[in-house]
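Two complexes follow with chain A in common, the first pairing it with chain B and the second with chain C.
So, the complex of A and B:
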């Protein structure tokens, strides 16, 4: 098991290194000097030269890459051009804001999605199955940003139940913060609930048709025990993988949800950075996002190795 | 003559069988009708609608739905329904073209990786892993920031960000097909490496890739809408569903139709493509059930 973990960690680190290299190369293939873009046409040549030197954009690309990478490891994440501050001071609050939307939504969507998927699989071809599968198909076709606007219109503008948009840190004013988070969390969850329900249903159906379930039935076990203990345990293995892979999609979804609800998270920060061609900030944020995605994949893979001994050998 | 007749008969019968399985669920018929309707509407808008999608008329700003404007008008007095129908063109075009880009490039890379193995394989697949580590919307957004906005660039960005799935699936089936006897037989007969790779191996991977492409069409349309919503996609004033929702959000309390109606079209279209993709998978490749 130790060897398996070491191997998976090493693989993830290599992939992460390639991610950084690709991000860096694409970012630096953008024509034009970012300093000139930021300062505008009114800037003098001296100003541009001075700031280009301060940010190190005059050095060869490879040197810049190594410098950036060394900074990431030592905790110096560089300076943002458009915010004119160190990126490390900028990020923590943003990450907290994003996580306070994504974590509740992850918990809700896993619980509800798996539950609905099990019910649909057990009552296969019944009306509950049709309803769950139908809703899941529609849910997967619904763009998060549009659903968010629909919620704003119905819940905030028409029924006046919740504040339209905005973000208040939970430590500042808990009730107001929660009230503002309800809609973003709901919107972000619905798509994932649909996805998990679909995946759980098909994973369960695959298991239900196998011989050992028939054996369990002929042994006279209760249907509930068969489904929740024997079937679910085996269906969990593919489900956990799906879960690990979908963390990335959740992060992609937050960019849109944060934009609609004006939440100052890393998603909206990424948009600002992209619009302002803020090289280092864009690189850092995409690095963080892929770090989260790769990290969750890694954890899942290691868990997977514990659950299913066959994986370790491969 | 008779032989030919017999042949025609079997093809017709096979088509019938195919259609029988494909349309076995009522939902698929509904989805198929939606797709056909969308294509027709996209082609026929100039005939069907008396309005210009981009011409603003300040006398008719933010009108509520009535007989002359079925879905009302937006903040520049443009007919919402007309713009939605013109947006269908953008969505379908970007969806089809970017899926094609992804499928063709992904298959090519997967074929090279699986056929060559060794260092080429490792390099290609590690790059694919790296691309998969970045969420699709973020990857497309990021590539878009480097390439710039506009129709061609968006197609390219969305296409590239979907490549890894095709490369992985193709590589997997290449590796398994390669070991089969008929490939060895072909080699003994003196077929060149290129011939074997393209004619014999690629042919085998085609159906699973086609199924995946149909299933990804909806995703591609959703991604385009998301990018356009974030003002990183199709440039205004060209009508795109995502851009219209974004614009309508500002006027939500005055005329909700402007933001909400285009979204309904997105949901319908993506849903229809997903349902038809599922059905096509069940027909062409029942083995893939649950894996894609």
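So, the complex of A and C:
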């Protein structure tokens, strides 16, 4: 197992390097000049030349890339142009804000989604199954932005139950923080619940029809034990795959929700950075997201081995 | 089971009915100007009517009330707050005026008025500007604002290569409250640009802590001091107890909330999470809030507003656009009145030059281009393009302008394919050139040469690489710059407008300007948002009564 992990980590480092190079080249090939955006409409040619030199954009692209990589290793992540500050001071709060939305959403989605999926599978072809499957289809087909608009209209503007927008750290004001998180978490969760429910249902149905389940029944085991211990355990592999992808998306999958609810997370930061052609900031954020995705994939791969020992043997 | 289900349904129904019982807050019928649909109200009337309005609500006093934290929502996020030479864009002005002052401000006529300077003069012969400074002013760190501070600040602007101070050669400080600025060559714009565009930081604070620190820590003479800056999220200010105007500011603090999404900004305002919705340039938001009767404040002078037009790449010799007749044909082919009325929903004001009607730089002699497709066809035939030609119209816009213009042009034989681009591509084309047509954006100021030169000069920062630079236009530009007095400057500005728009159609077809609207709740008074400069306001004068 140790060798396997080392091999996977080495692969991840190579993937990471390729990702950084690609994003670096893409960012430097798109049109737009960050210095002009920084200085505004009134900028003169002299001013632009002066600040291009100050920010080091007059150097060859390859030199800039190597400098950036060296900075990442030494802990100097560079300077954001559109925020005119060190990126290391910007990122921590933004990551916390994003995780404040995505982690509750993931927990809710997994618990409810898996539960509904199991119920639908157990009550296959019954009215509960139809209800869960129907809701799941609607949930998956409903665009998140539409849900966001609907929630804002009903819960904030009409009922005045929740604030329209904003983010307050839970450590600062717990009640207000929670009130501001309710709508974004709901919007993020509903689609995921539907997805988990569908995945769980189909995985469970596949397992339920296998011989060992019939054997378990013929041994006289209780239905609950059969479902939760034998069937669910064997249906976990596809669920863990989906979970791994969700964890990988924890930092990057919330751009829209952050934008609509004005949450100062990593997604909205990335959007601002792209719109302002803030090269270094985009590169740093993509690097963090890639690290997160690769890390979660690695964990999932390791988990496979524990869930199904046959994978380890192979 | 059924009982439990019934209980749940009843509970849900009760909860919903409780929610529905509370009505959303409606805006008041009146407002700070005493008129629910008022726009472009002169400040004198504003104050009087505001007083009358307040009297009705608060018969006891009607005087400005102290206290309260004003919440302002804006989509504009500044990069730098404290090192003013790097705060060049209009985005920064609304923030700058919280912490800083300039030597002069603009009044309702667009003329300079007192701020940190009480008197000023310019001398063409000796190429000098002299400012007499207000006495007894201190920076928020307690250090004095004096002539040396002014000198040091202007030197920072010169070092940062700001165009406003490009001609500054040396600065004299004969006494504590007098500054004499010597220019290397006379520039008639210098008084305006140095008077309004230079904001004064505490030299001590910047020198002791460095520029990097100063970018995030504004120390000026303004009515408020920075409390907290969460970048891209919120900027909180608190009252400057050392502010030089006695009895001001009225507010305890101001929270500037940055909300980039227009719908979220609108909803936050409707839900009263913010008291002011600043700089609303979204027609949809404008229409909705207008229809709901919210107080709307608009610009009075056109200063700082953005003009929009249609510009063609005239620099390429082989391009049809190199011929002035083709450019004029394009102008005659488009029915601007119908477009502005149909797409602008009454929020846009048609323009025919680089100015708004009534401004000092607005030339009454500019004829413009009335819609005349036959004349357009004739001009094209004269230019040798009787069968028309193919071109591209680049647009980053999502409204109907590009498609409608393309159809108008097609009707006279100019087959303009609409190509959608993003903002970054637009920015790139503005700087490095394009081939065909694109939208022209320009800032309207009381000083034509200051901003037009950025487009008209061969080494101008915007649009310059793709357009012609006729020598006679450049000569007039130079004459404006060196004009001896305001009257000469105005006459020259007028003739430049005529040359650029009527004779050469160099910047193509001017379309419209849209004054940025700001919406406020009825309990917010005297903020004067955008009155004299589209991006500026008066935080020191702003006060709030109970909601």
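Following the convention adopted for this analysis, the second predicted complex is superposed on the first by the 294 of 314 C-alpha atoms of A that agree within 3 Å, B and C clash if a C-alpha of one lies under 4 Å from a C-alpha of the other, contacts with A are read in each partner's own complex, and residues count from 1 in each chain.
The working rule: contacts are C-beta pairs under 8 Å (C-beta built on N, C-alpha and C of every residue); 3 or more make two chains touch, one makes a residue touch a chain.
Because the structure is predicted, anything quoted here is derived from the model rather than measured.
Novice: Tell me the contact category for A:19 with respect to chain B and chain C: first, second, both or neither.
Specialist: First partner only.
Novice: Kindly classify A:141 by the partners it touches after superposition: chain B alone (first), chain C alone (second), both, or neither?
Specialist: first
Novice: Of the partners chain B and chain C, which touch A:126 in the superposed model: first, second, both, neither?
Specialist: Neither partner.
Novice: Taking the superposition on A as described, I'd like to know which of chain B and chain C A:293 touches: first, second, both or neither.
Specialist: Only chain B is touched by A:293; chain C is not.
Novice: Could you tell me if A:30 is touching chain B, chain C, both of them or neither one (first, second, both, neither)?
Specialist: Both: A:30 reaches chain B and chain C.
Novice: Once the shared chain is lined up, is A:90 touching chain B (first), chain C (second), both, or neither of them?
Specialist: second
Novice: Thinking of the overlay built on chain A, is A:38 touched by chain B (first), by chain C (second), by both, or by neither?
Specialist: A:38 sits against chain C, while chain B stays out of touch.
Novice: Please identify the positions on chain A that touch both chain B and chain C, taking each partner from its own complex.
Specialist: The overlap between the chain B and chain C interfaces on chain A comprises residues 30, 149, 152, 157, 259-260, 277.
Novice: Any idea which chain B residues touch chain A in the complex?
Specialist: Touching chain A from chain B are residues 126-127, 129-131, 133-138, 141-143, 145-146, 218, 222, 225-226, 229-230, 232, 242, 245-246, 248-249, 252-253, 256, 259-260, 262-263, 266-268, 270-271, 274-275, 289-290.
Novice: Under the stated contact criterion, what part of chain A meets chain B in this complex?
Specialist: 14-16, 18-19, 22-23, 26-27, 29-30, 137-138, 140-147, 149-150, 152-153, 157, 202-203, 205-206, 248-249, 251-253, 255-256, 259-260, 270-271, 274, 277, 282, 286, 289-290, 293-294, 297
Novice: In their complex, what parts of chain C are in touch with chain A?
Specialist: Chain C residues touching chain A: 19-20, 22, 24, 77, 79-80, 86, 88-92, 160-163, 166, 215-216, 230-233, 257, 259-261, 263-264, 267-268, 270-271, 273, 423-425, 427-429, 431, 443, 451, 454, 459-462.
Novice: For the complex, which residues does chain A have touching chain C?
Specialist: 30-33, 36-48, 50, 81-85, 90, 93, 149, 152, 156-161, 163-167, 259-262, 264, 268-269, 272, 275, 277
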